[in-house]
(Lines give C-alpha, C1' and ligand atoms only; values in the text may rest on other atoms or scores of the structure.)
Protein backbone atom coordinates (compact mmCIF):
# COMPACT_ATOMS: atom_id res chain seq x y z
CA UNK A 1 0.00 0.00 0.00
CA UNK A 2 1.23 3.47 -0.86
CA UNK A 3 2.84 5.26 2.10
CA UNK A 4 2.29 8.97 2.60
CA UNK A 5 4.28 11.16 4.92
CA UNK A 6 4.59 14.90 5.30
CA UNK A 7 7.59 17.11 6.01
CA UNK A 8 7.37 20.76 6.97
CA UNK A 9 10.06 22.79 5.24
CA UNK A 10 12.26 24.82 7.59
CA UNK A 11 15.11 27.28 7.12
CA UNK A 12 17.77 24.58 7.29
CA UNK A 13 16.23 22.61 4.40
CA UNK A 14 16.75 25.34 1.81
CA UNK A 15 19.93 26.55 0.16
CA UNK A 16 21.38 29.68 -1.41
CA UNK A 17 18.50 29.76 -3.91
CA UNK A 18 15.96 29.58 -1.03
CA UNK A 19 14.64 26.32 -2.50
CA UNK A 20 14.84 22.96 -0.77
CA UNK A 21 18.31 21.67 -1.56
CA UNK A 22 18.63 18.68 -3.90
CA UNK A 23 20.30 16.46 -1.31
CA UNK A 24 17.41 16.96 1.12
CA UNK A 25 15.01 15.21 -1.26
CA UNK A 26 17.23 12.15 -1.07
CA UNK A 27 16.74 12.21 2.71
CA UNK A 28 13.00 12.88 2.43
CA UNK A 29 12.67 9.95 0.03
CA UNK A 30 14.73 7.70 2.34
CA UNK A 31 12.31 8.68 5.09
CA UNK A 32 9.46 7.75 2.74
CA UNK A 33 10.88 4.27 2.12
CA UNK A 34 11.18 3.64 5.87
CA UNK A 35 7.57 4.82 6.18
CA UNK A 36 6.58 2.33 3.45
CA UNK A 37 8.21 -0.57 5.34
CA UNK A 38 6.40 0.48 8.51
CA UNK A 39 3.00 0.87 6.88
CA UNK A 40 3.39 -2.43 5.02
CA UNK A 41 4.44 -4.35 8.08
CA UNK A 42 4.96 -7.60 6.15
CA UNK A 43 7.68 -5.83 4.15
CA UNK A 44 9.35 -4.52 7.30
CA UNK A 45 9.18 -8.02 8.77
CA UNK A 46 10.68 -9.50 5.60
CA UNK A 47 13.58 -7.02 5.74
CA UNK A 48 14.20 -7.98 9.38
CA UNK A 49 14.19 -11.72 8.60
CA UNK A 50 16.53 -11.26 5.65
CA UNK A 51 18.88 -9.07 7.63
CA UNK A 52 19.29 -11.83 10.21
CA UNK A 53 20.58 -14.00 7.35
CA UNK A 54 22.97 -11.28 6.22
CA UNK A 55 20.84 -10.16 3.31
CA UNK A 56 20.15 -6.44 3.00
CA UNK A 57 18.32 -4.34 0.46
CA UNK A 58 20.44 -1.61 -1.09
CA UNK A 59 19.84 1.30 -3.42
CA UNK A 60 21.83 0.94 -6.67
CA UNK A 61 20.32 3.84 -8.60
CA UNK A 62 18.43 7.01 -7.81
CA UNK A 63 16.85 9.02 -10.59
CA UNK A 64 15.18 12.26 -9.53
CA UNK A 65 13.39 14.84 -11.65
CA UNK A 66 13.26 18.24 -9.99
CA UNK A 67 10.06 19.97 -11.04
CA UNK A 68 9.42 22.94 -8.79
CA UNK A 69 11.34 24.54 -5.94
CA UNK A 70 9.75 24.11 -2.51
CA UNK A 71 10.24 26.95 -0.02
CA UNK A 72 10.19 27.55 3.74
CA UNK A 73 6.66 27.08 5.05
CA UNK A 74 5.66 24.52 2.41
CA UNK A 75 4.74 21.04 3.57
CA UNK A 76 5.97 18.31 1.26
CA UNK A 77 3.74 15.25 0.91
CA UNK A 78 5.93 12.27 0.14
CA UNK A 79 4.20 9.35 -1.59
CA UNK A 80 6.08 6.05 -1.85
CA UNK A 81 5.05 2.85 -3.55
CA UNK A 82 6.50 -0.23 -5.17
CA UNK A 83 6.52 0.39 -8.93
CA UNK A 84 8.16 -2.46 -10.82
CA UNK A 85 10.30 -5.53 -10.35
CA UNK A 86 12.81 -7.62 -12.28
CA UNK A 87 14.53 -10.89 -11.46
CA UNK A 88 17.22 -9.13 -9.44
CA UNK A 89 15.88 -5.68 -8.62
CA UNK A 90 12.81 -3.66 -7.77
CA UNK A 91 11.96 0.00 -8.21
CA UNK A 92 10.21 2.26 -5.70
CA UNK A 93 8.33 5.23 -7.13
CA UNK A 94 8.46 8.32 -4.92
CA UNK A 95 6.86 11.69 -5.39
CA UNK A 96 7.12 14.86 -3.34
CA UNK A 97 4.01 17.00 -3.77
CA UNK A 98 3.64 20.56 -2.54
CA UNK A 99 1.06 20.63 0.24
CA UNK A 100 -2.15 18.79 -0.62
CA UNK A 101 -1.93 19.72 -4.31
CA UNK A 102 -1.04 17.54 -7.28
CA UNK A 103 1.96 19.74 -8.07
CA UNK A 104 5.11 17.68 -7.73
CA UNK A 105 8.26 19.33 -6.41
CA UNK A 106 10.22 16.20 -7.33
CA UNK A 107 9.61 12.70 -8.67
CA UNK A 108 11.97 9.79 -8.24
CA UNK A 109 12.57 6.19 -9.18
CA UNK A 110 14.78 4.33 -6.74
CA UNK A 111 16.22 0.98 -7.85
CA UNK A 112 17.02 -1.55 -5.13
CA UNK A 113 18.69 -4.94 -5.00
CA UNK A 114 19.13 -7.55 -2.30
CA UNK A 115 22.75 -8.17 -1.40
CA UNK A 116 24.30 -11.11 0.43
CA UNK A 117 26.75 -9.21 2.62
CA UNK A 118 29.16 -12.11 3.18
CA UNK A 119 29.34 -13.13 -0.47
CA UNK A 120 29.16 -9.42 -1.44
CA UNK A 121 26.84 -10.43 -4.28
CA UNK A 122 23.44 -9.38 -5.52
CA UNK A 123 20.96 -12.25 -5.13
CA UNK A 124 17.94 -13.18 -7.23
CA UNK A 125 14.49 -12.30 -5.94
CA UNK A 126 13.67 -15.72 -4.53
CA UNK A 127 10.70 -17.59 -3.08
CA UNK A 128 11.24 -16.23 0.42
CA UNK A 129 11.21 -12.65 -0.82
CA UNK A 130 8.16 -13.23 -3.03
CA UNK A 131 6.12 -14.95 -0.34
CA UNK A 132 7.01 -12.20 2.14
CA UNK A 133 6.17 -9.39 -0.28
CA UNK A 134 3.14 -10.43 -2.37
CA UNK A 135 2.94 -7.06 -4.17
CA UNK A 136 6.46 -7.63 -5.48
CA UNK A 137 5.59 -11.20 -6.52
CA UNK A 138 2.54 -9.85 -8.34
CA UNK A 139 4.61 -7.37 -10.34
CA UNK A 140 7.11 -10.08 -11.22
CA UNK A 141 4.38 -12.43 -12.47
CA UNK A 142 2.82 -9.64 -14.56
CA UNK A 143 6.22 -8.38 -15.74
CA UNK B 1 38.68 21.04 -18.18
CA UNK B 2 37.79 18.24 -15.78
CA UNK B 3 37.69 19.38 -12.15
CA UNK B 4 38.98 17.10 -9.40
CA UNK B 5 38.36 17.57 -5.71
CA UNK B 6 38.83 15.32 -2.73
CA UNK B 7 36.70 14.77 0.37
CA UNK B 8 37.84 12.90 3.46
CA UNK B 9 35.07 10.73 4.83
CA UNK B 10 34.25 11.34 8.49
CA UNK B 11 31.87 9.79 10.99
CA UNK B 12 29.05 12.18 10.17
CA UNK B 13 29.09 11.25 6.46
CA UNK B 14 28.10 7.63 7.02
CA UNK B 15 24.78 6.15 8.06
CA UNK B 16 23.38 3.13 9.87
CA UNK B 17 25.12 0.82 7.35
CA UNK B 18 28.46 2.58 8.02
CA UNK B 19 28.62 3.57 4.35
CA UNK B 20 28.51 7.13 3.08
CA UNK B 21 24.83 8.03 2.96
CA UNK B 22 23.21 8.49 -0.44
CA UNK B 23 22.27 12.12 0.16
CA UNK B 24 25.89 13.02 0.92
CA UNK B 25 26.92 12.15 -2.64
CA UNK B 26 24.46 14.74 -3.89
CA UNK B 27 26.31 17.30 -1.73
CA UNK B 28 29.74 16.04 -2.81
CA UNK B 29 28.68 16.31 -6.45
CA UNK B 30 27.29 19.80 -5.88
CA UNK B 31 30.68 20.69 -4.43
CA UNK B 32 32.27 19.20 -7.56
CA UNK B 33 30.18 21.37 -9.87
CA UNK B 34 31.17 24.51 -7.95
CA UNK B 35 34.79 23.33 -8.26
CA UNK B 36 34.29 22.95 -12.03
CA UNK B 37 33.02 26.54 -12.33
CA UNK B 38 36.03 27.77 -10.35
CA UNK B 39 38.61 25.80 -12.31
CA UNK B 40 37.03 26.81 -15.62
CA UNK B 41 36.89 30.46 -14.77
CA UNK B 42 35.19 31.42 -18.05
CA UNK B 43 32.25 29.23 -17.00
CA UNK B 44 32.08 30.82 -13.55
CA UNK B 45 32.22 34.24 -15.22
CA UNK B 46 29.44 33.28 -17.63
CA UNK B 47 27.23 32.14 -14.73
CA UNK B 48 27.84 35.48 -12.99
CA UNK B 49 26.98 37.50 -16.11
CA UNK B 50 23.80 35.47 -16.72
CA UNK B 51 22.73 35.75 -13.09
CA UNK B 52 22.86 39.55 -13.35
CA UNK B 53 20.29 39.21 -16.14
CA UNK B 54 18.12 36.95 -14.02
CA UNK B 55 19.17 33.76 -15.76
CA UNK B 56 20.30 30.89 -13.56
CA UNK B 57 21.37 27.33 -14.27
CA UNK B 58 19.30 24.72 -12.48
CA UNK B 59 19.46 20.96 -12.04
CA UNK B 60 16.38 19.25 -13.51
CA UNK B 61 17.52 15.64 -13.17
CA UNK B 62 20.06 13.72 -11.15
CA UNK B 63 20.81 10.11 -11.97
CA UNK B 64 23.26 8.37 -9.66
CA UNK B 65 24.54 4.79 -9.77
CA UNK B 66 25.80 3.63 -6.40
CA UNK B 67 28.62 1.17 -7.00
CA UNK B 68 30.52 0.60 -3.77
CA UNK B 69 30.09 1.81 -0.21
CA UNK B 70 32.73 4.27 0.97
CA UNK B 71 33.66 4.17 4.66
CA UNK B 72 35.17 6.41 7.35
CA UNK B 73 38.80 7.09 6.50
CA UNK B 74 38.35 6.82 2.72
CA UNK B 75 39.05 9.88 0.62
CA UNK B 76 36.63 10.32 -2.24
CA UNK B 77 38.05 11.82 -5.44
CA UNK B 78 35.28 13.69 -7.21
CA UNK B 79 35.75 14.18 -10.95
CA UNK B 80 33.41 16.56 -12.76
CA UNK B 81 33.21 17.40 -16.44
CA UNK B 82 30.79 18.59 -19.08
CA UNK B 83 29.50 15.51 -20.90
CA UNK B 84 26.85 16.39 -23.45
CA UNK B 85 24.56 19.18 -24.57
CA UNK B 86 21.21 19.67 -26.28
CA UNK B 87 19.43 22.77 -27.48
CA UNK B 88 17.96 23.42 -24.04
CA UNK B 89 20.06 21.42 -21.58
CA UNK B 90 23.50 20.12 -20.75
CA UNK B 91 24.71 17.17 -18.74
CA UNK B 92 27.59 17.12 -16.27
CA UNK B 93 29.28 13.77 -15.71
CA UNK B 94 30.45 13.23 -12.13
CA UNK B 95 32.31 10.31 -10.61
CA UNK B 96 33.33 9.64 -7.04
CA UNK B 97 36.37 7.35 -6.92
CA UNK B 98 37.74 5.71 -3.80
CA UNK B 99 41.13 7.20 -3.01
CA UNK B 100 43.45 7.34 -6.03
CA UNK B 101 42.03 4.12 -7.51
CA UNK B 102 39.79 3.67 -10.53
CA UNK B 103 37.11 2.07 -8.35
CA UNK B 104 34.02 4.26 -8.43
CA UNK B 105 31.87 4.58 -5.31
CA UNK B 106 29.24 6.40 -7.37
CA UNK B 107 28.74 7.75 -10.88
CA UNK B 108 26.28 10.43 -11.82
CA UNK B 109 24.80 12.34 -14.72
CA UNK B 110 23.37 15.70 -13.76
CA UNK B 111 21.10 17.46 -16.25
CA UNK B 112 20.95 21.25 -16.13
CA UNK B 113 18.93 23.94 -17.85
CA UNK B 114 19.10 27.71 -17.92
CA UNK B 115 16.02 29.39 -16.49
CA UNK B 116 14.80 32.95 -16.91
CA UNK B 117 13.65 33.60 -13.34
CA UNK B 118 11.21 36.38 -14.18
CA UNK B 119 9.52 34.51 -17.02
CA UNK B 120 9.93 31.25 -15.05
CA UNK B 121 10.85 29.55 -18.32
CA UNK B 122 13.68 27.40 -19.57
CA UNK B 123 15.62 29.24 -22.26
CA UNK B 124 17.48 27.91 -25.32
CA UNK B 125 21.24 27.64 -25.16
CA UNK B 126 21.97 30.85 -27.05
CA UNK B 127 24.92 32.68 -28.61
CA UNK B 128 25.94 34.30 -25.33
CA UNK B 129 26.09 30.97 -23.55
CA UNK B 130 27.97 29.29 -26.40
CA UNK B 131 30.55 32.05 -26.76
CA UNK B 132 31.09 32.07 -22.98
CA UNK B 133 31.42 28.29 -22.75
CA UNK B 134 33.25 27.02 -25.87
CA UNK B 135 33.31 23.39 -24.63
CA UNK B 136 29.52 23.43 -24.53
CA UNK B 137 29.36 25.01 -28.00
CA UNK B 138 31.71 22.28 -29.26
CA UNK B 139 29.47 19.50 -27.96
CA UNK B 140 26.42 21.16 -29.48
CA UNK B 141 28.09 21.42 -32.90
CA UNK B 142 29.16 17.75 -32.75
CA UNK B 143 25.86 16.60 -31.29
CA UNK C 1 3.15 27.64 25.47
CA UNK C 2 5.62 24.77 25.22
CA UNK C 3 5.80 23.30 21.70
CA UNK C 4 6.19 19.55 21.24
CA UNK C 5 7.15 17.86 18.03
CA UNK C 6 8.28 14.35 17.20
CA UNK C 7 10.91 13.05 14.79
CA UNK C 8 11.28 9.42 13.80
CA UNK C 9 14.93 8.44 13.61
CA UNK C 10 15.99 6.94 10.28
CA UNK C 11 19.21 5.48 8.91
CA UNK C 12 20.44 8.81 7.58
CA UNK C 13 20.19 10.49 10.99
CA UNK C 14 22.81 8.28 12.65
CA UNK C 15 26.56 8.20 12.19
CA UNK C 16 29.48 5.77 12.44
CA UNK C 17 28.57 5.09 16.10
CA UNK C 18 24.97 4.28 15.07
CA UNK C 19 23.75 7.11 17.29
CA UNK C 20 21.99 10.21 16.05
CA UNK C 21 24.78 12.54 14.94
CA UNK C 22 25.42 15.68 16.98
CA UNK C 23 24.69 18.04 14.11
CA UNK C 24 21.24 16.51 13.60
CA UNK C 25 20.12 17.68 17.04
CA UNK C 26 20.88 21.23 15.96
CA UNK C 27 18.48 20.70 13.04
CA UNK C 28 15.86 18.99 15.26
CA UNK C 29 16.04 21.89 17.70
CA UNK C 30 15.76 24.42 14.85
CA UNK C 31 12.65 22.55 13.77
CA UNK C 32 11.41 22.81 17.36
CA UNK C 33 11.84 26.58 17.42
CA UNK C 34 9.87 26.95 14.19
CA UNK C 35 7.20 24.74 15.78
CA UNK C 36 7.16 27.06 18.82
CA UNK C 37 6.58 30.12 16.61
CA UNK C 38 3.74 28.32 14.84
CA UNK C 39 2.06 27.11 18.01
CA UNK C 40 2.41 30.51 19.65
CA UNK C 41 1.01 32.40 16.72
CA UNK C 42 1.51 35.80 18.34
CA UNK C 43 5.26 35.09 18.37
CA UNK C 44 5.26 34.03 14.71
CA UNK C 45 3.30 37.20 13.90
CA UNK C 46 5.76 39.33 15.86
CA UNK C 47 8.70 37.81 13.97
CA UNK C 48 6.95 38.59 10.68
CA UNK C 49 6.24 42.21 11.68
CA UNK C 50 9.83 42.74 12.83
CA UNK C 51 11.26 41.14 9.69
CA UNK C 52 9.37 43.68 7.56
CA UNK C 53 11.30 46.37 9.46
CA UNK C 54 14.59 44.59 8.85
CA UNK C 55 14.82 43.15 12.35
CA UNK C 56 15.53 39.44 12.65
CA UNK C 57 16.08 37.11 15.57
CA UNK C 58 19.39 35.28 15.48
CA UNK C 59 21.03 32.54 17.49
CA UNK C 60 24.24 33.74 19.15
CA UNK C 61 24.97 30.70 21.32
CA UNK C 62 23.96 27.08 21.41
CA UNK C 63 24.80 24.94 24.40
CA UNK C 64 23.85 21.27 24.13
CA UNK C 65 24.34 18.47 26.65
CA UNK C 66 24.36 15.06 25.02
CA UNK C 67 22.89 12.57 27.47
CA UNK C 68 22.06 9.34 25.69
CA UNK C 69 22.50 8.12 22.12
CA UNK C 70 19.26 7.77 20.16
CA UNK C 71 19.13 5.00 17.55
CA UNK C 72 17.24 4.07 14.38
CA UNK C 73 13.61 3.38 15.24
CA UNK C 74 13.50 5.76 18.20
CA UNK C 75 11.12 8.69 18.04
CA UNK C 76 12.54 11.85 19.55
CA UNK C 77 10.07 14.14 21.31
CA UNK C 78 11.34 17.70 21.04
CA UNK C 79 10.07 20.12 23.67
CA UNK C 80 10.71 23.82 23.18
CA UNK C 81 9.89 26.73 25.44
CA UNK C 82 11.00 30.22 26.31
CA UNK C 83 13.24 29.97 29.38
CA UNK C 84 14.71 33.33 30.33
CA UNK C 85 15.25 36.83 29.06
CA UNK C 86 17.67 39.73 29.50
CA UNK C 87 17.61 43.27 28.19
CA UNK C 88 19.17 42.22 24.89
CA UNK C 89 18.68 38.47 24.61
CA UNK C 90 16.40 35.56 25.37
CA UNK C 91 17.03 31.87 25.87
CA UNK C 92 14.95 29.00 24.51
CA UNK C 93 15.12 25.73 26.45
CA UNK C 94 14.94 22.65 24.26
CA UNK C 95 14.90 19.00 25.21
CA UNK C 96 14.91 15.88 23.07
CA UNK C 97 13.32 12.97 24.93
CA UNK C 98 13.42 9.36 23.79
CA UNK C 99 9.90 8.29 22.84
CA UNK C 100 7.30 9.19 25.46
CA UNK C 101 9.75 8.69 28.35
CA UNK C 102 11.40 11.28 30.56
CA UNK C 103 14.84 10.14 29.40
CA UNK C 104 16.53 13.00 27.59
CA UNK C 105 18.79 12.24 24.63
CA UNK C 106 19.91 15.86 24.63
CA UNK C 107 19.14 19.14 26.39
CA UNK C 108 19.90 22.57 25.01
CA UNK C 109 19.83 26.25 25.79
CA UNK C 110 19.72 28.46 22.72
CA UNK C 111 20.47 32.17 23.17
CA UNK C 112 18.90 34.57 20.69
CA UNK C 113 19.14 38.27 19.98
CA UNK C 114 17.27 40.67 17.73
CA UNK C 115 19.44 42.24 15.06
CA UNK C 116 18.81 45.32 12.97
CA UNK C 117 20.12 44.03 9.65
CA UNK C 118 20.86 47.44 8.14
CA UNK C 119 22.69 48.77 11.18
CA UNK C 120 24.16 45.30 11.77
CA UNK C 121 23.57 45.83 15.47
CA UNK C 122 21.86 43.95 18.26
CA UNK C 123 18.86 45.91 19.52
CA UNK C 124 17.34 46.10 23.00
CA UNK C 125 14.19 44.13 23.71
CA UNK C 126 11.78 47.02 23.28
CA UNK C 127 8.10 47.81 23.85
CA UNK C 128 7.03 46.37 20.50
CA UNK C 129 8.72 43.05 21.24
CA UNK C 130 7.35 42.91 24.78
CA UNK C 131 3.79 43.71 23.79
CA UNK C 132 3.94 41.13 20.99
CA UNK C 133 5.43 38.43 23.23
CA UNK C 134 3.86 38.71 26.71
CA UNK C 135 5.66 35.60 28.00
CA UNK C 136 8.99 37.29 27.24
CA UNK C 137 7.81 40.51 28.91
CA UNK C 138 6.79 38.47 31.96
CA UNK C 139 10.23 36.92 32.30
CA UNK C 140 11.88 40.32 31.93
CA UNK C 141 9.72 41.84 34.66
CA UNK C 142 10.46 38.94 36.98
CA UNK C 143 14.18 38.80 36.01
CA UNK D 1 49.63 20.52 17.91
CA UNK D 2 46.82 22.75 16.61
CA UNK D 3 45.12 21.32 13.52
CA UNK D 4 43.99 23.63 10.74
CA UNK D 5 41.65 22.68 7.95
CA UNK D 6 39.74 24.67 5.40
CA UNK D 7 36.22 24.30 4.00
CA UNK D 8 34.92 26.14 0.96
CA UNK D 9 31.35 27.29 1.51
CA UNK D 10 28.92 26.15 -1.18
CA UNK D 11 25.23 26.71 -1.85
CA UNK D 12 24.16 23.67 0.15
CA UNK D 13 25.91 24.88 3.31
CA UNK D 14 23.76 28.00 3.69
CA UNK D 15 20.15 28.36 4.76
CA UNK D 16 17.19 30.66 4.27
CA UNK D 17 19.24 33.57 5.66
CA UNK D 18 22.04 32.83 3.12
CA UNK D 19 24.42 32.26 6.02
CA UNK D 20 26.09 28.95 6.82
CA UNK D 21 23.50 27.03 8.83
CA UNK D 22 24.19 26.41 12.52
CA UNK D 23 24.17 22.64 12.20
CA UNK D 24 26.88 22.77 9.53
CA UNK D 25 29.37 24.21 12.02
CA UNK D 26 28.87 21.13 14.18
CA UNK D 27 29.91 19.05 11.15
CA UNK D 28 32.83 21.35 10.30
CA UNK D 29 34.04 21.11 13.90
CA UNK D 30 33.66 17.32 13.87
CA UNK D 31 35.79 17.34 10.75
CA UNK D 32 38.32 19.49 12.64
CA UNK D 33 38.55 17.01 15.51
CA UNK D 34 39.21 14.15 13.09
CA UNK D 35 41.89 16.35 11.50
CA UNK D 36 43.42 16.90 14.95
CA UNK D 37 43.64 13.14 15.59
CA UNK D 38 45.29 12.66 12.20
CA UNK D 39 47.81 15.48 12.62
CA UNK D 40 48.64 14.35 16.15
CA UNK D 41 49.14 10.75 15.19
CA UNK D 42 49.84 9.64 18.77
CA UNK D 43 46.31 10.77 19.67
CA UNK D 44 44.79 8.89 16.73
CA UNK D 45 46.80 5.82 17.75
CA UNK D 46 45.61 6.15 21.37
CA UNK D 47 41.98 6.33 20.22
CA UNK D 48 42.49 3.18 18.14
CA UNK D 49 44.10 1.28 21.06
CA UNK D 50 41.31 2.34 23.44
CA UNK D 51 38.60 1.44 20.96
CA UNK D 52 39.96 -2.13 20.78
CA UNK D 53 39.33 -2.30 24.53
CA UNK D 54 35.81 -0.98 24.13
CA UNK D 55 36.66 2.53 25.29
CA UNK D 56 35.51 5.40 23.10
CA UNK D 57 35.71 9.16 23.42
CA UNK D 58 32.35 10.89 23.28
CA UNK D 59 31.13 14.46 23.15
CA UNK D 60 29.00 15.34 26.20
CA UNK D 61 28.65 19.06 25.62
CA UNK D 62 29.00 21.46 22.73
CA UNK D 63 28.99 25.19 23.32
CA UNK D 64 29.15 27.37 20.22
CA UNK D 65 29.17 31.14 19.93
CA UNK D 66 28.02 32.35 16.54
CA UNK D 67 29.85 35.56 15.73
CA UNK D 68 29.43 36.36 12.05
CA UNK D 69 27.52 34.75 9.20
CA UNK D 70 29.70 33.09 6.57
CA UNK D 71 28.42 33.14 2.99
CA UNK D 72 28.82 31.20 -0.27
CA UNK D 73 32.33 31.70 -1.59
CA UNK D 74 33.93 32.14 1.84
CA UNK D 75 36.51 29.63 2.94
CA UNK D 76 36.29 28.76 6.62
CA UNK D 77 39.58 28.03 8.38
CA UNK D 78 38.89 25.60 11.21
CA UNK D 79 41.43 25.59 14.03
CA UNK D 80 41.25 22.80 16.60
CA UNK D 81 43.31 22.26 19.72
CA UNK D 82 43.18 20.66 23.12
CA UNK D 83 42.23 23.36 25.62
CA UNK D 84 41.78 21.99 29.11
CA UNK D 85 41.39 18.76 31.05
CA UNK D 86 39.82 17.48 34.25
CA UNK D 87 39.95 14.10 35.94
CA UNK D 88 37.14 12.76 33.79
CA UNK D 89 36.88 15.04 30.78
CA UNK D 90 38.78 17.22 28.33
CA UNK D 91 37.78 20.20 26.26
CA UNK D 92 38.71 20.87 22.64
CA UNK D 93 38.75 24.51 21.55
CA UNK D 94 37.60 25.06 17.98
CA UNK D 95 37.39 28.23 15.96
CA UNK D 96 36.07 28.87 12.46
CA UNK D 97 37.74 31.93 10.92
CA UNK D 98 36.63 33.62 7.72
CA UNK D 99 39.34 33.10 5.11
CA UNK D 100 42.83 33.93 6.36
CA UNK D 101 41.57 36.70 8.63
CA UNK D 102 41.30 36.76 12.42
CA UNK D 103 37.53 37.28 12.17
CA UNK D 104 35.77 34.31 13.73
CA UNK D 105 32.51 33.12 12.26
CA UNK D 106 32.07 30.79 15.24
CA UNK D 107 33.96 29.65 18.32
CA UNK D 108 33.31 26.46 20.21
CA UNK D 109 34.27 24.46 23.26
CA UNK D 110 33.60 20.75 22.94
CA UNK D 111 33.68 18.65 26.11
CA UNK D 112 34.60 14.99 25.74
CA UNK D 113 34.72 11.99 28.04
CA UNK D 114 36.00 8.45 27.69
CA UNK D 115 33.29 5.83 28.00
CA UNK D 116 33.59 2.12 28.68
CA UNK D 117 30.95 0.86 26.26
CA UNK D 118 30.28 -2.41 28.06
CA UNK D 119 29.95 -0.89 31.51
CA UNK D 120 28.25 2.16 29.93
CA UNK D 121 30.26 4.32 32.30
CA UNK D 122 32.52 7.31 32.02
CA UNK D 123 36.06 6.37 33.07
CA UNK D 124 38.76 8.46 34.72
CA UNK D 125 41.57 9.80 32.59
CA UNK D 126 44.10 7.11 33.49
CA UNK D 127 47.80 6.37 33.03
CA UNK D 128 47.31 4.82 29.61
CA UNK D 129 45.51 7.90 28.33
CA UNK D 130 48.03 10.28 29.85
CA UNK D 131 51.06 8.44 28.51
CA UNK D 132 49.46 8.24 25.06
CA UNK D 133 48.49 11.93 25.02
CA UNK D 134 51.25 13.95 26.75
CA UNK D 135 49.57 17.30 25.98
CA UNK D 136 46.53 16.14 27.96
CA UNK D 137 48.74 14.91 30.81
CA UNK D 138 50.48 18.31 30.83
CA UNK D 139 47.20 20.19 31.20
CA UNK D 140 46.10 17.85 34.00
CA UNK D 141 49.33 18.39 35.90
CA UNK D 142 49.05 22.18 35.52
CA UNK D 143 45.27 22.12 36.15
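In this document, chain identifiers A, B, C and D correspond to the written order of the chains, with residue numbering beginning at 1 in each.
Basically, a contact is a pair of C-beta atoms (placed from the backbone, for glycine too) under 8 Å apart; a residue touches a chain by one contact, two chains touch by 3 or more.
Predicted model, so just to flag it, every value in this text is computed and none were measured.
**Q** Could you tell me which chain lies farthest from subunit A when each chain's centre is the average position of its Cα atoms?
**A** The chain farthest from subunit A, judged by C-alpha centres, is D.
**Q** Is the number of contacting C-beta pairs greater for A-D or for C-D?
**A** Between C-D and A-D, contacts are more numerous in C-D.
**Q** Averaging over Cα atoms per chain, report the distance between subunit B and subunit D in Å.
**A** Centre separation, subunit B to subunit D: 31 Å.
**Q** Can you give the whole-Å distance between the Cα centres of subunit A and subunit D?
**A** 35
**Q** Averaged over CA atoms, how far is the centre of subunit C from the centre of subunit D? Could you give it in whole Å?
**A** Averaging C-alpha atoms per chain gives centres 24 Å apart.
**Q** What positions in subunit A touch 2 or more of the other chains?
**A** In subunit A, the residues touching two or more other chains are 11-12, 17, 22-23, 27, 30.
**Q** Name, in rising order, each residue of subunit D that touches subunit C in their complex.
**A** 17, 22-24, 26-27, 30, 56, 58-66
**Q** Considering only the defined contacts, which subunit C positions touch subunit B in the complex?
**A** 11-12, 14-18, 21-23, 72
**Q** Sort out for me which residues of subunit C touch subunit A in the complex.
**A** Going by the criterion above, the answer is residues 8, 10-12, 27, 30-31, 34.
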